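Some notes on the structure that comes next.
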Amino acid sequence: MSNDVVIRADRLSKRFGTLTVFEDVSIEVKKREVVAIIGPSGAGKSTFIRCINYLHTFNQGTLEILGHTIVGGHNHPSKDVLQDIRTRVGMVFQTFNLFPHLNVIENITLAPVEVKKVPRAQANARAMELLEMVGLPHKAEMYPKRLSGGEQQRVAICRALAMEPEVMLFDEPTSMLDPELVGEVLAAIRRLAKEGMTMVLVTHEMQFAKEVADTVVIMADHGVVEKGPAREVLESPRTERAQSFLHRVLNPEEVPDPLEQEVLPIGGRR
Amino acid sequence: MQTLWSAWMQYLPLLLRGTAMTVELTAAALVVGVLFGFLLALGRLSRVPALDTLATGYVEVVRAIPVLIILFITYYGFAELGLVLSGITAAVVSLGGFYATQYGEIFRGAILGIDRGQTEAATALGLTSAQTMRRVVLPQAFFTILPPATNQLSNLIKDTSLVFTISVADLMYQANSALSVNFLPMDMLLEAGVIYFIFYLIIAKVLGRWEVSVQRRRN
Amino acid sequence: MHIALEYAGTIGVGGLKDVALTVVSLILSIILGTLFALGRLYGPWPVRTLIYWYVEIIRGLPAILQLFIIYFGFTQWGINFSPLTAALIWLVAYGTGYAVEIFRSGIMEIPTGQREAAAALGLSSRTTMIRVVVPQAYAIMLPPLTSFVVLQLKNTTLLYLIGFADIMYEARLGVDATNHAAILYFMAALAYLILSLIIGRVGVRLERNVAAYR
């Protein structure tokens, strides 16, 4: 593995029972690189990003991550390896998944105190710094339920950052949010990108992907249909599948009505 | 081994006679409990404040009292006050009166639980309120009611075992009378236990599985 | 009315015994119930099967039959428990059976996202259990737990049948002595009613405390 490659997935395949989610997916993530994964719903983007920190096992292929090598199939990595990967890789979920019985600061400090044995005072101080960074220091004592979705997601980002990860994984961090709350979360991610955080980001926000990502990967039909520099892939995709996907996303009003051929006037009789 | 089975076989007819009484009591108390429970639910949902208070008061008080005490009040207490009930009548009244609170709450919960959007949608489609009740509300409520109702039925059967204390000759009573004759308490209690457990399995498992399969077919 | 006064004291003392027994058995059943529930969910299959059938038997047999098996049944094999010992064994055995199911469904209601988030942070499965899953399960359990406490308290009425001197036993003695069944059983009912009300209040108070995050 060349020195600055942090993640290399080599022909990963994943099945749930008989359902093949994806086959032969290969990507490489270098240090300080931001990789955005886009693609239609059900393409396996979430499943793939969860394989990176081994929340999902995979059936075939090799995953090299932070100096560890995991081979798909039946060779599960040891507990220590998993723990090392997970403490060094942060993850932010579509549904936030904050711990509802802990307040904001407890959510953020739980893992540093329990896993890294950081002294509580120091963990609290770091948590407050992180909350300042996302503009939420005044919410430290609140329970997640009292926060808006955008605030919850920003806290979830702090929770992951509190472990001082070397890589951050984002699985559609804004798709559960009301449109007016998306901006605040994207701002936090944008800031991380500027600071040079290595990131893998599954998103539906094309504009944002174009802005922050160095590399864009399009997943569809059980695999990667196109990958390359963000601007190139998004502005002049080479494959037909990528073109049709991007066309549909960018022009939703042009998607044809599947009933069009029948020419039934709405509300009318045949 | 020989003696064990012979004792079990010897007293089986007696226990089965007790079982018949247990089943009859359960059936009678179930009918009383469901009908009275339905009235209690209507009372608690009624817009007449007096009915609501009365039904609510009854439910809150009666369900907090242990069944055994209810049984003693209806059997011994009422008798002292001049209302002499037979053991069986007292048993049906007590168990029915207690389980009415359980069934009443189940019915009330199910009726309240139906999404208002459902009735609104039915009304918007032009269904009459009777049609809405019959075709939309009740079919949905039925399947919310069934699992907790079955659960209460299995509780009811088990609670009928208390009536031996007022000398009603149910399964528990017969097991006790057998063991006081043959001095094999473990054998007689276990034999009765097996019979109770068969009822439990039938109600909890067979009925439960049927409910799940019906529900799955509907979804 | 003097009968009520005469027996209020003894019935009250019987009530205290019932409460003490309920509390002790409750603590033991919740501890055992938690362990059994974890065994039922995560143990190897023989443990899971064993606990499954244990729960089914406790739920399937009438309470009084279980108590009689412990108190009378075991005498057939030369084992004689005192009424207090038999009462405690039964209340704990019975309570554990119910606590397992309450706790198990509490754990199963916790969304998988919670475990995934904990795993993604590198928390060990032990820490995840202790810091993330169990506290949330207890919060979910509170309402069924309150009804469970009331159920256990009501179960103590059966103990007089094995000669344990509780509310029912005292009431029964009073009835035998005076023939005033109505007033004395009414007083027993009242004692249980008051105790249930108190438990209900405490339950609501606790639920309000956890409502902050639920």
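The letters A, B and C name the chains in turn, as written, and every chain counts its residues from 1.
Everything that follows uses one rule, which is that a residue touches a chain if its C-beta (ideal position, glycine included) is under 8 Å from a C-beta of that chain, and two chains touch if they have at least 3 such contacts.
Values in this document were obtained by computation on a predicted structure and should not be read as measured data.
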When you draw the chains as points and link the ones that touch, which shape shows up: line, ring, star, complete, or other?
line
Where the centre of all protein Cα atoms falls, which chain's Cα centre is nearest to that point?
C
Distance-wise, how many Å sit between the C-alpha centres of chain A and chain C, to the nearest whole number?
46
Chain B to chain C: how many Å between their CA centres?
21
Chain A to chain B, mean C-alpha position gap in Å, rounds to 53
Under the stated contact criterion, what part of chain C meets chain B in this complex?
56-57, 59-65, 68-69, 72-77, 150, 154-155, 157-158, 161, 168, 175, 179-182, 185-186, 188-189, 192-193, 196-197
Mind pulling up the chain A residues that touch chain C in the complex?
50, 53, 55, 79, 83, 86-87, 89-91, 93, 95, 97-103, 110-111, 114-115, 143-145, 156, 159-160, 163
Touching residues on chain B, where the partner in the complex is chain C:
61, 64-70, 72-73, 76-81, 154, 157-159, 161-162, 165, 172, 175-176, 179, 183-187, 189-190, 192-193, 196-197, 200-201, 204
Mind pulling up the chain C residues that touch chain A in the complex?
111, 113-114, 116-124, 127, 131-132, 135-136, 139, 210, 212-214
